[in-house]
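In the two assemblies presented below, chain A is common to both, partnered first by chain B and then by chain C.
Presenting the complex of A and B:
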């Protein structure tokens, strides 16, 4: 006992020694070669990292956005000038497209929104939030003026759409469903931190930057070529932000009108819209029939929740398959395949995984977590799809009675191409 | 008949007004919901040098040509070796500083004599294309003082960085814009 007590006072020094050895081991791991002891008056140079253009510039972008939207609304609603809207398109294409190179954009901000809403680690940058909300506010006030000439993606198509080829109505309706699916998936993928789908498959950003994978350049060029005849193919059949614009614009306070005064039902504007967004006026004798027919649409109204539920179940079951877009899930599947069936993992991700020293259980646990998040999120995307499909069907059965020719508030891009077809003029 | 017309008219008005309210509510509430989740400064992309496995993909994945990713040297970590594995190519016939013996394919590493036996290595960022050959060599055989960073005077800050999507080790992460660089430093001295 006595001996031990004597020994006691050395313990701190032993611990200190161990600590020092341990510390030097750590240090040696970091530094294979010791830091030189310079004899001269050498001082370590400090690397001057350069910063990006200041954050003030992003607010400048927001100011330009508001300015362009205001001008576009004025041109579309008050001034009724197609030529003016073309100039706005040109400006937006030059500024947001070629100068700002397509980022920051309202279309992509949907994903930042979703990422910020469903993830703790990410906060929405204020400029991105403004880019998301301001065009929607304007849609609520004056229709889709953002699409008309402020969105660079819309502008480049607007300026290259020279001919108009009508798409058959049924085909148009089927193709117009794609953006809903695209929006649902993009929000789901962003919420689960898997991918920014919209940015990845942005067809025109490669043209703005003159740099993209060649597949995207071909895709963008093809869209522009198709767009010469079938105007604005991206906006009509792909754009996910267009879905939101469409919904908001339906309830807009004011909207562009085809005629500056009273419609004379002269039918001259019927073929004026390349997007088939002009709603025809009903002949007098049809007006009574439509009034009596609404009971037939009741089953479709009841079908809406059924469709929503069906799509929710469908997407819930698709969740594991959808989670394959996540890099971690992809890697985990590759590693599992190697473990169970001996197929060698050759991807760069698997090489990096073996180098990084992550454990298998860590990886598989992460995979399960991500699949769990997909299981949680996918039904909501399904409900969104089912609801929009159901409401779409229901809308087909309900007939509004119109006494004038007017633009379809949802699908009209407020581009002003119909102005010149209207013979009604007002003198100042 | 006229009354019916009126009724249907008012019904449609009701739907439209209700729709307006329903649609306007979230857009007006959104800033309130997001007030806690909004950041005035925003984020930029940066490479975490401790996660990077120098797979050479930064050079080609970036939307900028040449890449916005450049090599930098963390001087306090550098060994100032005469025989620098990041500077000299392995398996060279003679170990001198002739171009054919240098590892850097674009000759972006400049070697200057400090004092016997130390040499300082600086990266000429105008030449560097971010191929990370020297980073890998320095990590494997040296102190690991050479590392890659995204240079924000060149980066266009894409919403989804293409390098981040391709990076096999998830080393490209969002960092707060007011601290845009992740310096590699000596942890303890």
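Presenting the complex of A and C:
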């Protein structure tokens, strides 16, 4: 019986395996022959679209989100149960991942938000708005509990990451900048109505859905394999929503702690976090330095606007190149190339364009308009990047003195992996 | 925490390793399959192309047809098998990954948490110094990048509308090339010399009235019905007609309208007496005859091709096979350097072929691809190279009129294609209803320059000079497009539909509607309606121009319009 109880630990993983197998069976049943292209006068039957989910179900998703966030907060902050968080992860993976097929998703809602902010014609659906804001509100209240077990992308990585390979600190710092760039570009592309970059390159949606491109399935599977050793690679080095969670969590009212009581500075938890999100306490000798020497770092504050301005100029200059992600710009360039170099139209977009009867002047005018929008938006994305990088570096030049080991509120995923490393226990 | 024996952990490790290797192998295999799928089009395989080419050369062979079907099926099966493999592989990949993950988890969970100490936190002073250095380096690096990018990343994008500039260069070069020479006496083919819709001469009458006889020099009843247009050589005018099981060629004196002789389109050995099913409105005499100095050739709806001299003596005749075409056989013929050029469009065969003008022997035949059309070939010269253009479906294709070799093929239009192409000195224009008008830069490196679907022709062929393209539609609108940019320069609703092709002559566009009213407008970018003259008889035939006289074939009569 005792042995069976110990085996409980593995039940979530068995359930995960069953979920994947069940999903594969569903996939096999859904496999279809692609639509043939008849050359005769055969008329295709009209498409039958499934009815959209009713609004009630969308609000049900919101209710599930709030419920899962509440439970995750309770488990991380109050109950301090790593096993409980694993169960929440499994539930979220099953519900938001496999059942809802990765949509609606807080990570992708960043794009809806930016599209709504910069385009008057787009009305953001309320559920999408709630999915964007609620996890951020919870981050303000209790840290990144969304990442801990509610986000399906985080959950699938959390459940598969159990070896621990430390990434060198300097490399970690460089890689950790990527999500900022990704967020800046994703917002820019969505605001210019060019592309929903985050959804397009969501690595796990290929596993959640049964009809995703194979490349996405391969990317997702390989990322999971990497994640066994370098845990949560997507969350750490790509997730754009994680950037917002990181910022909001720094100001959280409450946050998960490594120790349930007073830290003994035993250093046992130092290696407990695979994400390197535990902040070491300062040696006693350093604690005696009372002054934080802010004054010495003040001149470096000037570097922040310099970085912001430089990034703004850089992205402004890159705007025409970046606008190439827009389908209309891409098409206009293709058509121009065809004309100037006499290359025959081959792409489907180009053939469709010729069939549509649109004039070139319309297309080229639209291209210029889109580039203009990129020119307007790119400097703002640059300012965001410059400020993020500048503030990040400046923060490191004015280090706080710490007396305890504590989680880095920005980078900690509130996953509770560190709990077992702390020898301090509370007697009930 | 579950504890496993060392032996168990070793087994788990091995299973995990095998699953890992399996996953990697599957991933690599899938990547190769993906690359294959992305680069291979099942319908472009050399084997399929080869049997298709054999079938095109021998379209009656049932064995080859069966072979094409078999290879086609095999190619599709192979393609979809690859797809199935990739799709299944992706889930094998996942299964391998799951096993790998689970056993790694068992191995990882069997031990106690590894507790290792981190090196001491670096001292405050050195950490601060290092981070300040990073801050300055990053600011400097990004600033340098920003400055460099300001110089390097200049936008190479042209302003809107530059697209047409690129063609001016090509256009100029092409404009220098010789176009087909125009005569003000001879009007040898459908739509005139080269079948381009451009007639020579000047001083043609712009006003007449058929019912009142104003400027009608003569009017002759043509014995049998025909939708073909008159062709002229010297003083003689030729037409064809069909009815009551007879196919006829008429030679008229162009000055008096007298029928000089009538010859038969069936009076030769091997002639087909058959009248294939076709649109009754069209009949068997839709294709216009072609005439040269000493011969007149005509083709009829049953594939009978005949050639007479100017005195009505049969030179030769042959049947090309009865074309199966729901709208009837309609393609007019051309003569180029003693070769009769025939565009053959039937369900049984698509081709363009050249027959010796003197003997009728087949000199060459080139199979065509695509779907059957009802257009006619056009003779043009680009870059000094004579070429026959066919408004095919879906491509406009150019052939060497001497050897029949395909010179180039560019995307054109799709649908029920009746109009032929229009050409000017540097471009080719095609169009059809429910599709669009498309302008092409001809040649092997040619391309689509522009397209527009606002005004599209139903039957009438477009006609162009270097500045303007004129399109007469089946719903009564006439539009003038800028040939370079595709912008609509003007349009006008003339109320009646147009089947006769417009002709540019004497700097005017001659637009004959189905009621028989000729609308004459200036052949330039400003709409100026010069006149509208009624014939008093319905007509679908394209007019002919010769020596200040206009010849119009109505449903029953042929009219000569002259100011004298």
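The rule is simple: the second predicted complex is superposed on the first by the 366 of 428 C-alpha atoms of A that agree within 3 Å, B and C clash if a C-alpha of one lies under 4 Å from a C-alpha of the other, contacts with A are read in each partner's own complex, and residues count from 1 in each chain.
Everything that follows uses one rule, which is that a contact is a pair of C-beta atoms (placed from the backbone, for glycine too) under 8 Å apart; a residue touches a chain by one contact, two chains touch by 3 or more.
No experiment lies behind these values; they were computed from the predicted model shown.
K.L.:
Classify the contacts of A:228 with the two partner chains as first (chain B alone), second (chain C alone), both, or neither.
P.N.:
second
K.L.:
Once the shared chain is lined up, is A:162 touching chain B (first), chain C (second), both, or neither of them?
P.N.:
second
K.L.:
Chain B or chain C: which reaches more residues on chain A?
P.N.:
C
K.L.:
Classify the contacts of A:368 with the two partner chains as first (chain B alone), second (chain C alone), both, or neither.
P.N.:
The second partner, chain C, only.
K.L.:
After the superposition on A, what does A:357 contact: first (chain B), second (chain C), both or neither?
P.N.:
second
K.L.:
In the overlay, answer first, second, both or neither for which of chain B and chain C A:348 touches.
P.N.:
Only chain B; A:348 stays clear of chain C.
K.L.:
Touching A:123 in the superposition: chain B (first), chain C (second), both, neither?
P.N.:
First partner only.
K.L.:
Report for A:425: first if it touches chain B alone, second if chain C alone, otherwise both or neither.
P.N.:
After superposing on A, A:425 lies clear of both chain B and chain C.
K.L.:
So which bits of chain A does chain B touch that chain C touches too?
P.N.:
Chain A residues touching both partners: 27, 31, 33-34, 351, 355-356.
K.L.:
Chain A touches which residues of chain B in the complex?
P.N.:
1, 4-5, 8, 12, 16, 19-20, 23-24, 27, 30-31, 33-34, 37-44, 51, 53, 55, 57, 63-65, 72-77, 79-81, 114-115, 118, 120, 122, 141-144, 149, 151-153, 155-160, 165, 168-170, 174, 177, 180-181, 186-189
K.L.:
Which of the residues in chain A end up touching chain C in this complex?
P.N.:
The contact residues of chain A facing chain C are 3, 6-7, 9-10, 13, 16-17, 20-21, 24, 27-28, 31, 33-34, 160, 162-164, 206-207, 214-215, 217-218, 221-222, 224-225, 228, 267-268, 270-272, 280-283, 286, 289, 293, 296-297, 300, 303, 306-307, 309-311, 313-314, 317-318, 320-321, 335-336, 338-345, 351, 354-357, 359-361, 364-365, 367-368, 371, 386, 389-390, 393-394, 396-399, 420-421.
K.L.:
Within their complex, state which residues of chain A touch chain B.
P.N.:
Going by the criterion above, the answer is residues 23, 26-27, 30-36, 38-40, 42, 44-47, 49-52, 55, 58, 101, 103-105, 108-109, 111-112, 116-117, 122-129, 133, 136-137, 140, 195-196, 199-200, 209, 211-212, 247-248, 250-251, 253, 288, 291, 327, 347-353, 355-356, 400-401.
K.L.:
Touching residues of chain C toward chain A in the complex: what are they?
P.N.:
Answer in residue numbers: 1-2, 20, 23, 27, 30-31, 34, 80, 83-84, 86-87, 89-91, 93-95, 97-98, 100-102, 104-106, 108-109, 113-118, 120-121, 123-124, 127-128, 131-132, 134-136, 138-139, 142-143, 145-147, 149-150, 153, 155, 157-164, 166-167, 410-411, 435-436, 438, 441, 443, 445-454, 485-487.
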